[in-house]
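Read the structure below first, then the notes.
Think of it as A, B, C, D and E in the order they're written, each chain with its own count starting at 1.
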Amino acid sequence: MKTELKFKNVSKTKSTIPGDIVITKEMQLPVIQVIDYNQDKIVRNSVETVRGLSNVPEGFTRWIDIQGLGDKMVLEELKSEFIIHPLIMEDVVNIPQRVKADFLDDYIFLVLKMFYQQNHDDFVEEQVSMILGKNYVISFQEKSGDCLDSLRERLYQSKGIIRKMNADYLCYAIADTIFDHYFSYLAYLSENIENLEEKVSVITEEADLRKIHELKHNLISLKRELWPTRECLNQLVKEEISFIGEKVKFYFRDCYDHILQTLEITESLKELTTELLNIYLSVQGNKLNEIMKVLTIISTIFMPLSFLAGLYGMNFVYIPELEFKYGYYILISVMAIITFGMFLWFRKKGWIGKKGIKKK
Amino acid sequence: MKTELKFKNVSKTKSTIPGDIVITKEMQLPVIQVIDYNQDKIVRNSVETVRGLSNVPEGFTRWIDIQGLGDKMVLEELKSEFIIHPLIMEDVVNIPQRVKADFLDDYIFLVLKMFYQQNHDDFVEEQVSMILGKNYVISFQEKSGDCLDSLRERLYQSKGIIRKMNADYLCYAIADTIFDHYFSYLAYLSENIENLEEKVSVITEEADLRKIHELKHNLISLKRELWPTRECLNQLVKEEISFIGEKVKFYFRDCYDHILQTLEITESLKELTTELLNIYLSVQGNKLNEIMKVLTIISTIFMPLSFLAGLYGMNFVYIPELEFKYGYYILISVMAIITFGMFLWFRKKGWIGKKGIKKK
Amino acid sequence: MKTELKFKNVSKTKSTIPGDIVITKEMQLPVIQVIDYNQDKIVRNSVETVRGLSNVPEGFTRWIDIQGLGDKMVLEELKSEFIIHPLIMEDVVNIPQRVKADFLDDYIFLVLKMFYQQNHDDFVEEQVSMILGKNYVISFQEKSGDCLDSLRERLYQSKGIIRKMNADYLCYAIADTIFDHYFSYLAYLSENIENLEEKVSVITEEADLRKIHELKHNLISLKRELWPTRECLNQLVKEEISFIGEKVKFYFRDCYDHILQTLEITESLKELTTELLNIYLSVQGNKLNEIMKVLTIISTIFMPLSFLAGLYGMNFVYIPELEFKYGYYILISVMAIITFGMFLWFRKKGWIGKKGIKKK
Amino acid sequence: MKTELKFKNVSKTKSTIPGDIVITKEMQLPVIQVIDYNQDKIVRNSVETVRGLSNVPEGFTRWIDIQGLGDKMVLEELKSEFIIHPLIMEDVVNIPQRVKADFLDDYIFLVLKMFYQQNHDDFVEEQVSMILGKNYVISFQEKSGDCLDSLRERLYQSKGIIRKMNADYLCYAIADTIFDHYFSYLAYLSENIENLEEKVSVITEEADLRKIHELKHNLISLKRELWPTRECLNQLVKEEISFIGEKVKFYFRDCYDHILQTLEITESLKELTTELLNIYLSVQGNKLNEIMKVLTIISTIFMPLSFLAGLYGMNFVYIPELEFKYGYYILISVMAIITFGMFLWFRKKGWIGKKGIKKK
Amino acid sequence: MKTELKFKNVSKTKSTIPGDIVITKEMQLPVIQVIDYNQDKIVRNSVETVRGLSNVPEGFTRWIDIQGLGDKMVLEELKSEFIIHPLIMEDVVNIPQRVKADFLDDYIFLVLKMFYQQNHDDFVEEQVSMILGKNYVISFQEKSGDCLDSLRERLYQSKGIIRKMNADYLCYAIADTIFDHYFSYLAYLSENIENLEEKVSVITEEADLRKIHELKHNLISLKRELWPTRECLNQLVKEEISFIGEKVKFYFRDCYDHILQTLEITESLKELTTELLNIYLSVQGNKLNEIMKVLTIISTIFMPLSFLAGLYGMNFVYIPELEFKYGYYILISVMAIITFGMFLWFRKKGWIGKKGIKKK
């Protein structure tokens, strides 16, 4: 999850010319799916070129779903086919971009971030750009594989109202599906925090410390994406846009509420993670105190005893006690009394005794 | 109290279709109470179906009180009976939702959070949704059992002005009763903090650490609900709504003031809990210093003495001191002087002596 | 000073009916003073009932000064005599309320907090409510005894311009006198902080820790009152109110500046208190290091010496050194050299020596 | 520098009458300089009374420079001579006031804070009030001695454009000179922080702790003054004021930029000081670890050795090893091996060895 | 990188006259490049004087690139040649200035900060000022050497659209190139943080502590520059300026988005650095606990053993155990049992054993 903080220096260094599309070798080759649908019919094609795609059949909505950005040809074709501003094409390719909404005369450009679970293991962050025109939506992803399969199924099986609606609703549906996965991501993070809460208040391993740090790292990254997402949705709801209907705006307002909730939960989780570290430190301190108590108890009991033993191990010619017949037994008794006294004193101080035993 | 941070993944995963109502098995079956009242008369019925309920008798106000959301039939009936937007019905069922107010042409939709003490033990958080129409209020709760019994009694016994007022006042009265319990919740938390303040500045047990953390957890959760509540009430006061009268708006403004106060107290308590942890850490540090002082005092006194005893326990053929007749007594005296000197030095350093004894 | 965080659960639980006045047994019985004045004349009466008091003599300003809220009769009479909104009467009685200003057609309702020193000991917080009408001011206090005596004297002795002005100036004068005592409170807190600053950087007693916490507690509480006070004064200055003259508004603007200053000083003091705790912790850490240095020095010197002594205390049949005539003296010399070497090493490390002695 | 947090209780307690001028004994007697200038001529007079000074010669600008506020006569004369509002005269005398700008019909009242280095030692904070009229500026200082000498010289020697401009420019020039010294103050603080940064990462003396605290204290105080200064300059730039020309407003905008920069640097320095304390604590922790490592190494090496020596110092009648001819040498060898083994183990743990030696 | 916090006291002390240009000896002598270009042609000249440069050939755009500010003559000439306000010329020379945009009738004045990598080592901060007129851009740098070489090449080789555009685009291109390097700077800092994250969770060296502090220092400084940069770009986008075309404004809006992203990343990195210090402290604490465990284990095992050895080293005339034939072997067995018991106890406490070994 840390990768989003690394910047693709190469692309940044090369694309010093604003509006220039720079393709690097690590980029995946694009797979282009075109889905045309209306209430009655749905057609899906895999295409190699985007030429002619701006010509959407009458009464249909077209979704051009591009996964992978590694072919300059395709992007240049798109630019001329749909008359897209060079800076916007640059933003599609130049990843990571800030989440944002740009309103142009003929289309809206959206940059969103997708978080989805890959291989049941960890969450992956990916940038999704969208261009919403009058009767088409073009979506761009860095890599193939995403969290939109449930949406595609809805389209094919005509679940809900999606097939009755236009491109603006499709755009909303994509965004909403992406945002729904934010909750799964938060649930995943929150579960991790709860597990650590249980564990950390008992033992303090370095592995936990790393996990706490990783969680904080992820929450900081998530929050960084959520703020501009909130702003971007707010603009979508507020702006007067001819090809987003009032009805769909109501749906976007619902999205906006969900993002606000996500943001608030993220903030709460971040605060809880900070708390987690504080607990970790406090438990560590308690551990240290426990350790030092053991050391001090042992030292305090055995140092005087050893001294006494040493005292009567001296070789002075005249040490009267050594001559006593029961000297040895008397000394053993004295030592026992000292030990017992120490024991009482530590118990009074609350270092050992009932409590002490329970705590250990 | 930690449950509100867990997300019902199942519902979130299934309801990918916006406006779809998804019922899970854990949900309680609904119990529906209908209360019709005007200044003179009050009628209360338990019903099984909501069909026909949109037809409120002339001059009456109707409160449809639904506890439990586990029956899709009832919710679908409600949707068609009162012509409610699908997204709003989804928000009623899809718990937790963010606290909010949605203003539609024919009704207002409110999501609130209720905190109430269950079984004299701990506080429980529950979502309450309300739909306020011209002459009716529909309230939805997750489970049966709430903090509105005092309000119901007021209705039956016609205490205060509630029976003279319309649906807008009923809506206010429900919200106000819910918000009144926020103060009980804060009082409960504040009492816990004060108990810990007393305790923590003396002993530092791990149980207290957990309690501090739990308090912080609760305050963070509460704060997360209060911010949108404040916003939601602000909207209620500011918006021009035909079926909320100026008089009731004044009452809502009072609610708004109370929520602001709640928010400020929550912030203060949060700051105090942070302080609590700092005290915990400081007391822990003081404890460690005390322990180490004991260890150091013991070591510093007995190490030189043991060394001297060891010195005269050596078996060198010629150690002149050993031959002295009073050698043993001289050594004992030297040891006594060393011990006394150490004692004075520690006293001067403030480690033992009057202060030291008092502190222990 | 901690009491302001406790909520009067009883009153909150009972007054579930909005606008209901609930009196509890702990409340003081009211003492009512009526002061009528104009530029030439001043009359002061103690009254038992407020009936007829709304009829202020022509050209006079009336101050109704009510100390103690424990008589429902008086409050109900006031409500009907001056036609006060039930919610406002509830706010007068239901303590603590948030600091606020409510603007109604015939009067302004103010809730303020008073901090004053009682018995030269500690500061007390008390709620003061005021109703400012065209030619009267009604002030409510929880208990008898306040910080307004200097203001009363000014009235009787006609100091300053107060007797030449109307009810709006009286209202300002009461608020200003209350706010002037905020500075005394801050001076008191600031003095405490400075005393602790001196002390804490030398010794770290648990008593100081408690004091730091108490100071922080007080500052958090104070800040919580100041924010709404600022807001309330801002409203007084900004709102168009017929019975507050432009001239008096200029005075309120001065109040506003003072509250801003109070707020800024409170924030600064809060930051300083946080610093104080940090110093406490650092000094604690320095102490621990000092203690551990002593222990380590003692152990490092005596452990090798004791070992050597133990070595030559062994009973092996053949230990050549023991036979040497000057073996004992050689060993003593070796021990002296070891001790001196250790001493030099510790000095080089900066643990003892000139610096070390100075620090202790 | 700590004095600005102490409040002059006396003056605050006495001046309960708004607009009353209260002089205390500690206040300096005023020294009044009157400087009249136009482009060609400059006249400077020391006066005892301000009577008649409102009559400025045609075409001249008058600067009345009052240092010391301890004479009620002079202030009362000023009040009537220039028709100044009583509250404003009170703010001149009642120190400290919040930095602010008050706009009246005939003049502007400014309160600023001056920081200047006294006796090459420490910086001093002093309040400077200014009244800017149509053709005069009155400046008030608590004490004689300030940072405006460079400005006076510029006036006398007609450096820059100051003599060609009017009273508004003079007012700007005074403010600008005061603000220029903020940078010297910041440079002084920043230098101190850098010195501590160097020092603190090596040794952790209590003297440094005090210095860190003092720096933080100063930065907190400075920040408290800068926020209202920023606000006050913003008002000067935004407000429509007849006697501040557009040209001079441009100059004030420059001041505003400088104050913003000062504020941002102050915030940065505050953050750095917080960092400094964190480093202090970390270095302290490293120290403790170092100390404990020494103790543990010594104990771990000598405790087993001493035990072995003690073992063969026992007086059992039959201990076979004691009879061995080379028993002593075998034991010595075993001890050497143990010591060497320990040494290797500690080296492997990274406690001693190449790294360890370098670190020390 | 720390130098940006040091203020050039000298220049600040001398330039008390607003609008005065003060040159110090450390300043580099200016190198002036003039580049005239249109779509077809590009001419580049090195000049010694700026006289006559305001006369730009028809249809050309002129870039006057001044590196080094150490010649008062040149700056004075510029001032009169391009009729620049004295305060603006002062801001060019008086470094560091706050990042800002000043809008005048005939030109816009921009102050920006440039971060670029020098000698593959560390990043350098430098102030860049720009004056954008109708058909010219004047750029000022403190020193020769910058990050604009790629831009110059683009101009010469006519890459992208730069040669087709006017002075406003040139100004944008310079700013954009500067801002592009912010990402490299962030990438550099981010990489450092990641390296430390790896390292710090294992060992806690003081060198790392310094690095953490340095990173925080840099991020604080960067943030301080980014806030006003954001503000400045916002003004450029919002203001109505005759000689910045709508098309170029769209480009500036893109810049604005990048700066927002930079700001958000900087904030995130700052939070991560704070986390880093927390980890450092926690690892330090874990280390201490490890050390103390070793000490306590050693002491707890050997102290009782040494005591027993000492006990039977005593010289009492009658100690029965000493007479036993197998006394020595019995004692050795007892000691072995004690040691083994201790070992089990420590293992149960989790101090040693499988886990303990792994952790080490």
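One rule holds for everything that comes next: a contact is a pair of C-beta atoms (placed from the backbone, for glycine too) under 8 Å apart; a residue touches a chain by one contact, two chains touch by 3 or more.
What you see is a predicted model, and the numbers here were worked out from it, not measured in a lab.
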Separation of mean Cα positions, subunit C and subunit A [Å, integer]: 41
Euclidean distance of C-alpha centroids - subunit A vs subunit E, Å: 25
Where subunit A touches two or more other chains, by residue: 281, 285, 288, 292, 295, 299, 303, 306, 310, 313-315, 319
Pairwise touch network: line, ring, star, complete, or other: ring
Chain order around the ring, beginning at subunit C and proceeding next to subunit D: C, D, E, A, B
Subunit C residues within the subunit B interface of the complex: 2, 5-7, 9, 12-13, 16-20, 85, 87, 91, 96-98, 100, 203-206, 209-210, 213, 216-217, 220-221, 224, 227-228, 277, 280-281, 284-285, 287-288, 291-292, 294-295, 298-299, 302-303, 305-306, 309-310, 312-315, 319, 321-328, 331, 360
Residues on subunit A engaged by subunit B in the complex (per definition of touch): 150-151, 154, 159-162, 173, 176-177, 180, 183-184, 186-187, 190-191, 194, 197, 201, 250-251, 254, 257-258, 260-261, 264-265, 267-269, 271-272, 275, 278-279, 281-283, 285-286, 288-289, 292-293, 295-296, 299-300, 303-304, 306-307, 310-311, 313-320, 349-351, 359
